[in-house]
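Order as written gives the chain letters A, B, C and D; numbering starts at 1 within each chain.
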Amino acid sequence: MSLAALRELVCRANLALLEGGLVTGTFGNASGLDREAGVMVIKPSGVPYADLTPARMVPVALATGKVLAGDLRPSSDTATHLELYRAFGCGGVAHAHSEVATACAQARVPIRCRGTTHADYFRGDVPVTRPLTAAEVEGDYERNTGLVIVETFAAGGPSADEVPAVLVASHGPFAWGADAMRAVEHARVLEQLARMDLAVRLLAPDAPAPAAWLVDKHYFRKHGRDAYYGQR
Amino acid sequence: MSLAALRELVCRANLALLEGGLVTGTFGNASGLDREAGVMVIKPSGVPYADLTPARMVPVALATGKVLAGDLRPSSDTATHLELYRAFGCGGVAHAHSEVATACAQARVPIRCRGTTHADYFRGDVPVTRPLTAAEVEGDYERNTGLVIVETFAAGGPSADEVPAVLVASHGPFAWGADAMRAVEHARVLEQLARMDLAVRLLAPDAPAPAAWLVDKHYFRKHGRDAYYGQR
Amino acid sequence: MSLAALRELVCRANLALLEGGLVTGTFGNASGLDREAGVMVIKPSGVPYADLTPARMVPVALATGKVLAGDLRPSSDTATHLELYRAFGCGGVAHAHSEVATACAQARVPIRCRGTTHADYFRGDVPVTRPLTAAEVEGDYERNTGLVIVETFAAGGPSADEVPAVLVASHGPFAWGADAMRAVEHARVLEQLARMDLAVRLLAPDAPAPAAWLVDKHYFRKHGRDAYYGQR
Amino acid sequence: MSLAALRELVCRANLALLEGGLVTGTFGNASGLDREAGVMVIKPSGVPYADLTPARMVPVALATGKVLAGDLRPSSDTATHLELYRAFGCGGVAHAHSEVATACAQARVPIRCRGTTHADYFRGDVPVTRPLTAAEVEGDYERNTGLVIVETFAAGGPSADEVPAVLVASHGPFAWGADAMRAVEHARVLEQLARMDLAVRLLAPDAPAPAAWLVDKHYFRKHGRDAYYGQR
């Protein structure tokens, strides 16, 4: 993919964050990766969504974090995105401040898999990271945020491929996917799932989880070799 | 009704699902039936709502489930719709992933009839199915989902005519009606009723149900021989 | 006011119900009164909002309830509106099915005056009627609904002028005002107040009520002889 | 800044209150200050948002509260705004009736700093004032509202610069900032934070606060000498 095409895609993905109601003001950011070229493209820092254009998307070297072109500074969360690309096989990352997913991160409660809408996208609960230590915050904060996310998935349970999203404690949601638009789609679905899980908690705090076979049925209806959802 | 007219109606009904905020992405689906011709028309699987056209709606034989025309695969929930048409007298079916109705399905709590807004459409609580067994999920899953819905109404209580909607446990709402648009209307009202019932639970967990005479007054003001709502 | 002007106003008021998100489908209705002429104009029964025009608004005699012109049947709630005009000094009535105000009616909890936003419009809690008896429902139901509303205000407490709205138990909100548009404005504010009061209940079930002097300060800043809000 | 430019800015800020969903009807108001000229410009009282134009914004002397031009009366909350300008270093003030922030004011619970979205804007909880006494309400009510806000920040804790918003008990939110648009931005973010904090309370009443180092990291990423968010 050309750099121009990647900038175009990442710009559209950032606008999709806004249109999906997942961010306000200058909050949030989406990025995309050309893994072969070793180039990540990300939203510039603190620029209002109305002013975003493909040319203003900032290319950054995956290996070093160095800005490769232009005068604009990349998102302040750039180092977090880079760590996710280094550890996971994804091609896009999105960070939203959507209302209920952020509240779950603040409350430090996972977004539980309580039904098939969830299982269509995520093969299990969306976990919460541990809080960062004082040293991690006062040191290389944004990079350490990425490392704590990676650590969360290294602890076992579903992989970052199977559950392409996380809640950073006291902070908010990050999501990823095959490219920038899929990452934003995951962030959008995540907010919907967070709203549903909050409603489930209010309706029936002790409602049983769906059976594992139902979760896997829906997850594998859409993912993997035997998927039969959609057009071939 | 011609096949072209049915495709047109079903396409409009699917778009009404989207416009009503009842689905996002490629979630959800609506279908319509020409019972005389034995043909159901349904949304294609996994096609974004923006790309739906009448020509892309998929006709399927009611008796066999065989696709009757075109290259597109029908909704993965096709077999569920077919079972509902076989058991109930309806002409349209809609499956939504609307936020609070889905949460009720996940929490496995019925949408209770707590007022006249509910009774205008549904003559009693909207029930929850039993969860499917492992065998039912691993076997002919979508067909078994339909059979479990039918079983729920066979257990007694109001009929599928009087309460044209259900919550499939850990899954979400299905609604039906005289045609595809009426099915979608029922799905839309159902979400509104789910939101109201959640608010009632938060406001007064032990609020009394409306008297049976009030429920029947409103239900029969709009349905049946003595209805006096609307224009003649 | 000419009948044409009243029809125009009532049509606009009904559309304002829809635009305010207070009704869906064919739910709800607004009316206006020319007290001198003894004529009430109201929405036709069961006609979708998109099809409303001034000419389709139905004039009804205040004294007898007889339709005065046209082929359309008036709202099925006509008799309720008439009783309110007979008992109160208002010139407009609106009946909404807005989400949280309706939930309060279903839960049978008043919308409590918990702050100045409420006191700007209503000088005290918005009350809930008693439930109608079987005889009242099976008899002249819509008229009896109006009579039970009147009874609620006759019991003492703030007058129907000071609190121009009510929750009919297990049913929903009615609001009134100087004309049809003001009635709809009251219905719209009522929904906002219901949402705030629900949030207050969730945040602090035992939060203290505002002092009487604060309620009266805000109410009389906007109403009565010494009002100083707005332009003269 | 010319008076014309200030009127233009204040008019835009008031319209931003409406567009942000923070006010309905004629509720709410925003103002801006030219501190050098000693002139505050504010919304006229009780004029619908649709009728606002720059020429209708009312200039008022900071020192005396006297209207400096035109026939329109300034917002009834003018004296509150003036006290905030006198005590704080801000250049804009906004008063909203947004749903959940107002509910927090009515419930008398602070909007707690429970995450980084909050800390990006406010260095700590957004406090609630004490209720006004009968004498304060019956005397110079709007001025006393301003004085009670000032008193709240004089009590210690974060300064009015660090936490540019407050909840007036049983009333609603006021926010301020460098100019009228920033004040409205703070009011808009405040509503978002109130919604998140309500959700946190529902999800986990005892959720831990974020560590002080995390709050300060985010606050100072965007504010003060060492800020590194945004473009230089």
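Basically, a contact is a pair of C-beta atoms (placed from the backbone, for glycine too) under 8 Å apart; a residue touches a chain by one contact, two chains touch by 3 or more.
On a predicted model such as this, the values are computed, not experimentally measured, just so you know.
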To bring the C-alpha trace of subunit A onto its twin subunit B, one rotates it, in degrees rounded to the nearest 5, by 90
Taking shared residue numbers divided by all residue numbers at the interface, is the value for subunit B and subunit C over half (same) or under half (different)?
-> different
Whole-Å distance, subunit A centre to subunit D centre, using C-alpha means?
-> 33
For subunit B and subunit D, let me know how many angstrom lie between their CA-based centres, rounded off.
-> 46
Spell out, as numbers or ranges, the residues of subunit C touching 2 or more other chains.
-> 202
Which pairs of chains touch, using the document's own definition | A-B, A-D, B-C, C-D
Hey, which residues of subunit D end up touching subunit A in the complex?
-> 114-117, 120, 185, 188-189, 192, 195-197, 199-200, 202-204, 207-208, 210-211, 213-214, 217, 221, 228-232
Touching residues (chain side subunit A, partner subunit D) in the complex | 24-27, 44-47, 72-73, 76, 97, 99-100, 102-109, 131-132, 134, 137-138, 141, 170-172, 198, 201-202
